[in-house]
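Here come two complexes built around chain A, the first alongside chain B, the second alongside chain C.
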Partner chain A sequence: MKQAIFRSRLLPWALAAPQLIVLFLFFYLPILLAFFWAFHLEQPFGGGSQFVGLQNFRRVLGSAEFWSSAGATLLYMVLASGSSILAALILALAADRALKVSPVARNVFLWPKAVASASIGVVFVFILNPYLGILAPLNDLWPGIWNPRTNAVHTWIMLFAANVWSAIPFSFIILLAGLQAIPQELHKAGAMDGAGPWRRLRDIQLPLLTPQLFVVIVLEVADSLSGSFGLIDTMTQGGPGGATNLLVYKIYADGFKAYDLSGAATQTVILMALVACVTGLQYVFLERKVKYDR
Partner chain B sequence: MLKTTALSALALSAAAAHAADIDFWYGNTGTGEAAIQAACAAFNEAQDDHRVTCIGQGGYETGMQKAIAAYRSGQHPALIQFFDAGTLDLMLSGAVMPVAEFAPDADWDGYITGARSYYETSQGALYSQPYNGSTLIFYGNRALLAKAGIEALPQSWEGVAEAARALKAAGVDCPFVTDGHPWRVLEQFAARHGLPVATRNNGYGGLDAEYVFNQGPVAQHLQNLADWRDDGLVKLDADTAAGNYATAFNTGECAMMEGSTGSYGAAHAALGDKVEIAMAPIYDGYARHNTLIGGASIWVMKGHSEADYDAARAFLDFLRQDEQQIEFTRATGYVPVTESALAALQASPEAASLEFATAGVGVDSLNQPGNPDSRGIRLGFYVQFRDIFMEETQKAFTGGQSMQAALDNAAACGNALLRRFEQTYQGVALP
Partner chain C sequence: MIENTRSIDRAAGAVLIAGLAFVLAPLAIVVVTATQSYEDFLARNFSLVPGTHLIGNLREIWTRTDLPRQTLNSVIVAAIVATGRVGLALCTAYAVVFFTGRGRGLVYAAAVASIMLPLELMIITAYQVTANVALPVNAVANMGGWWAALTGGPLDLHWNLLDSYAGISLPLMAQGSATLILVQFFRTLPPQLARAAIIDGAGPLRFLRDILLPLSKGPLTALGIYMFIGAWVQYMWPLVAASSPARTMAVVGLARLQEDGERIPDFPLQMTGAILVTLPPLILIALFQRRIVRGLALSEK
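Entry: the complex of A and B
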């Protein structure tokens, strides 16, 4: 490969400048501002802000509402990413087999990716409406057996259903690509040695799929922490009784609906730290198990 | 002296002619938006000096969010409509100027009591111009009530409970519906019973107010609502097939509701003359006080040129006219907000027509005798408090905690908000 040599020291910076400026303006500057506001009490209309040290953090960390929101966020992280990855893995394994419908399925399973999560939320609220949706007949038989508007457990189920549906395509395509890249010889050799499909799944496919699984887990977990906003805003608005008030939604509500810029910024900083921690831990503990060599 | 001032004013306005194009931001959608756009068009039609461009923001809260962002970057409009709960946040924001100082010649004393007191300073000077005013009234569905042999809408809560039992016995599944929003079940309830939501006359006396609704008759009423819901007499949004209290009433699912005068248009369109309205019920043994004005008012934002402000004054004058208010009432169901507009409406042959049905009951309710606790709500971060109140009481209604615990939690969180508000605006005097 031929290497380019820049004689001027400024030229590489100049070439990178547009990207760096955009990154700074839309990524680093807001983060810096969030840190600034987290240590200040900020008047909504910008009349003045005063330095208050760690007071905002003490207030946020001392409120029961924050902890229940953080708990719900972690629960959602585990269950939402777990359920969507598992579903995508099962579908990818099925689509990888030489079944008749595989080519169609590989195409069809990607479609939900084209639908915005807000639209998915609106549609699922209607599908799961306790009086008009597909489960309404159950309510006619046993009144009150399904009501995601008042029953927190039902609300969570509704949220997961919508999330799995919207999260499948991304994991599906990465996992399927990983499966397809596994050489056929390994399957054939395994089969000749008498390994059935389950055995080959355990000993050949899953171990060789770990790089893709790792990518999917890291991205899905990070996304479940910050990407649930569209679903929550359209489906539950944090209800009933704050049961689905995940941190991303609480930050929006506190900052934009309640003009609590300092509190919202403080929680943003905490959420950022959480995402960084979770991702870091995954690299430390999970990546060890990944086999990149084939 | 007077002559020269008049002359210089004339010269000023002549100089300003054609120079001033101002923006007015509002939050209403639907019929309210159409009526506001009609008023803007009428103003632009009526004179050549100024032009107002009226821009819908898609909601009160969105409007406030955009105004905050716009003000911080210097792109804000001269006039903006804000809703009731944001009153104190705006008064202390430093971004607005008191309308009574902005246009000292207008007849600010002509506003009806309930409309004035909500938007005036503790000293009694109006800070914003009341615009689309509504208040809480009581709705009944004549046909459903007749099923249970009820002739007239009950005027007391005891009567409502009794009527609800009769309705349930007569096979009406949803006797009374509410969404449990604090504007309906807390603020309007406390005001018309003359009871405080918070100390210091709901904050009119200073930023050091504390919530006290979690004790006494207000707490008892919310406990009653929860008990009545357990008995199947009261339904919440989530309990109805429609999923929304007003829709549930309009579709004939529910027989009675507490709602804004602004809901009348839709109710009448859906149910016709089956709709009955009256003042909201009070408990026996209480003297009736005024209800609070809901809806929104128009605020003048700082940082514009004198020419812009001339246009703003002209537009505010225009909206205050009796004919404009009556037209707005006709189109929306909001109530007239000045005594003269009300008198003009009552004197007109149209007064009895159904379009104006809420004006009588609504203004009557707003004009009941007041006390220091029925002036309004002057509490910081109040929009956030409303969300907390909803969340906590929802938990109580669905059985997660007792109503008393919910109210105690809401009061404690609310007090923390008030203290933080006090600290955020340290050194700013309450106007």
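Entry: the complex of A and C
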């Protein structure tokens, strides 16, 4: 770090202090508070808190609703991030080629970034409405063939479709940048050795893209959860029958609708642990496969 | 060297066309539906034939809903968040990269760690903090009861930021991705820059203002636009942090348009609202796509 040359005791801290204060108040303190309330019970009528040990965890872990919600959360994390990354990867590989439509595609594929997940939720609810939407004619022919309001599988499909739509830009930008950073010489050398473009895709581009793929996988897992709230709140409200009641949504309902602060905080702690575990596992199992050398 | 790339180019072309159709079709349907009137829509259901009622729908949005006011809120909050995040990140990244001394790695780690856990995961306690920002002060004062011993009673300060621009903006700023990007960017600058500045007798603040800021203009504006859009599309936090329709942001207002009771929702009106809410950030993305990608140091050749 040869750039670190200014000497001052106070100035760097003064510079960093504003961000550290904001981070402390609105990132670290909420985490601490979640742990606090996970081990305390709020007294009724605003009378402070009482330490209850593991009682909150026992209550949460003993409810079947929590386990189905946790299962749905894991399923969503894996399938939502997996499907959106796969779509973005295919699009990035295609957009990396110098075709006539590539510049247009590189621009348009970022547009969903400007559309809030809640907005696209509102739009997809309308487009995929079983009686008024684009699939309504199918329902006239075969009643019940598409009904995301009552059929959980249909609801999930609708959710993933909306999620892929809104999650394309982020992965697409990073993967395309990774592809463009692959030196042309490697392509030329591969071609000299007789490797066609499909072969080079598999043996040069994909292996050299692993650092970007890794970043995208790690970030998209947390991102899929934060985007899920807007989609679920506008599209499914956790239904049908709790099938899409992800923890993010359940915590919101428990905390803000049922005023169960301790229960919501306990589930927050569990959810944060879940995300941290998934991220950690990715580092353990995926990072070894990343090829950093070019 | 010329080689036959027909098969892969054809496949790539087909993929791109399919991708474009997938991204653009919902937007096109939104625009077409927004031109229909509610009566049209009830009579014909889903139809891709444009109507003539766009102005009428817009007028209704303008006069009968809170969306205009909420759009103004979105502009203000997104501007505060974008300036705040870039400003805070600039100062932190400068301190982390250009100063000697201990603690720099720790500060950097504290900022970057916040990328892993989004605000949506800790919404309930973030709400609690925003409802009373003096919470940590009270906690420190009442720890061990020293404040009560001095003054005769526990400290109980209240500073509620809910329902204010500050309360909606500040928690959205508590995220370190801009810091990460700027630190990476500063580290790619030649180390001679700062040394030359020292030789010329410029202090650290002078170097920041006269050399680093002009050099970072591209990345800083790109980050700012990106963060503006990121704040504009927030949904969960403004939903809980603002209690009245007049205080919340446009995306929340749009989602609330559909809660209209039993009758068939006025989808044309909703889609008109969706256009209004989506157009400002969409224009930014479409105009600045190259600059955003290049500015985030992600290279667009």
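Just so it is clear, the second predicted complex is superposed on the first by the 277 of 294 C-alpha atoms of A that agree within 3 Å, B and C clash if a C-alpha of one lies under 4 Å from a C-alpha of the other, contacts with A are read in each partner's own complex, and residues count from 1 in each chain.
Everything below uses one rule, namely that a residue touches a chain if its C-beta (ideal position, glycine included) is under 8 Å from a C-beta of that chain, and two chains touch if they have at least 3 such contacts.
Just so we're clear, the structure is a prediction, and the values are computed from it rather than from any experiment.
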Of the two partner chains, chain B (first) and chain C (second), which one does A:248 touch, if any: first, second, both, or neither? second
Identify the partner contact of A:9: answer first if only chain B is touched, second if only chain C is, both if each is, neither if none is. second
For A:204, using the defined touch cut-off, is the partner it touches chain B, chain C, both, or neither? Pick first, second, both or neither. neither
Under the stated touch criterion, which partner chain does A:149 make contact with: chain B (first), chain C (second), both, or neither? first
On the A-aligned overlay, A:65 touches which partner chain: chain B = first, chain C = second, or both, or neither? first
Check whether A:79 is in contact with chain B, with chain C, with both or with neither, and answer first, second, both or neither. neither
Have a look at where A:182 lands relative to chain B and chain C in the superposition and call it first, second, both or neither. neither
Once chain A of both complexes is superposed, is A:19 in touch with chain B (first), chain C (second), both, or neither? second
Tell me which partner touches more residues of chain A in the superposed arrangement, chain B or chain C. C
After superposition on the shared chain, which partner residues are touched by A:219: those of chain B (first), chain C (second), both, or neither? second
Footprint intersection on chain A (chain B / chain C) at 131-132, 256
Give the list of chain A residues in touch with chain B in this complex. 41-47, 50, 52, 59, 63, 65, 129, 131-132, 147, 149-151, 238-242, 245, 253-254, 256-260, 262
Which residues of chain B touch chain A in their complex? 61, 64-65, 68, 71-72, 89, 92-95, 236-239, 241, 243, 381, 383-384, 387-388, 391-392, 394-395, 397-398, 400, 413, 416, 420, 423-426, 428
In their shared complex, at which residues does chain A touch chain C? 1-9, 11-13, 15-16, 18-20, 22-31, 33-34, 37, 87, 90-91, 93-95, 97, 99, 101-102, 104-127, 131-134, 136, 165, 168, 173-174, 177, 180-181, 188, 191-192, 196-198, 201, 219, 222-223, 225-226, 229-230, 233-234, 248, 251-252, 255-256, 261, 264-265, 268, 271-272, 275-276, 279
Over in the complex, which chain C residues touch chain A? Could you list them? 1, 3-5, 7-9, 11-13, 15-17, 19-20, 22-24, 26-27, 29-30, 33, 45-46, 84, 87-89, 91-92, 94-101, 103-104, 107, 110-111, 114-130, 133, 135-136, 170-171, 173-176, 179, 186-187, 189, 191, 194-195, 198, 204-205, 207, 229, 232-236, 239-240, 251-252, 254-255, 257-258, 264-265, 267, 270-271, 274, 277-278, 281-282, 284-286, 289, 292-293, 296, 298-301
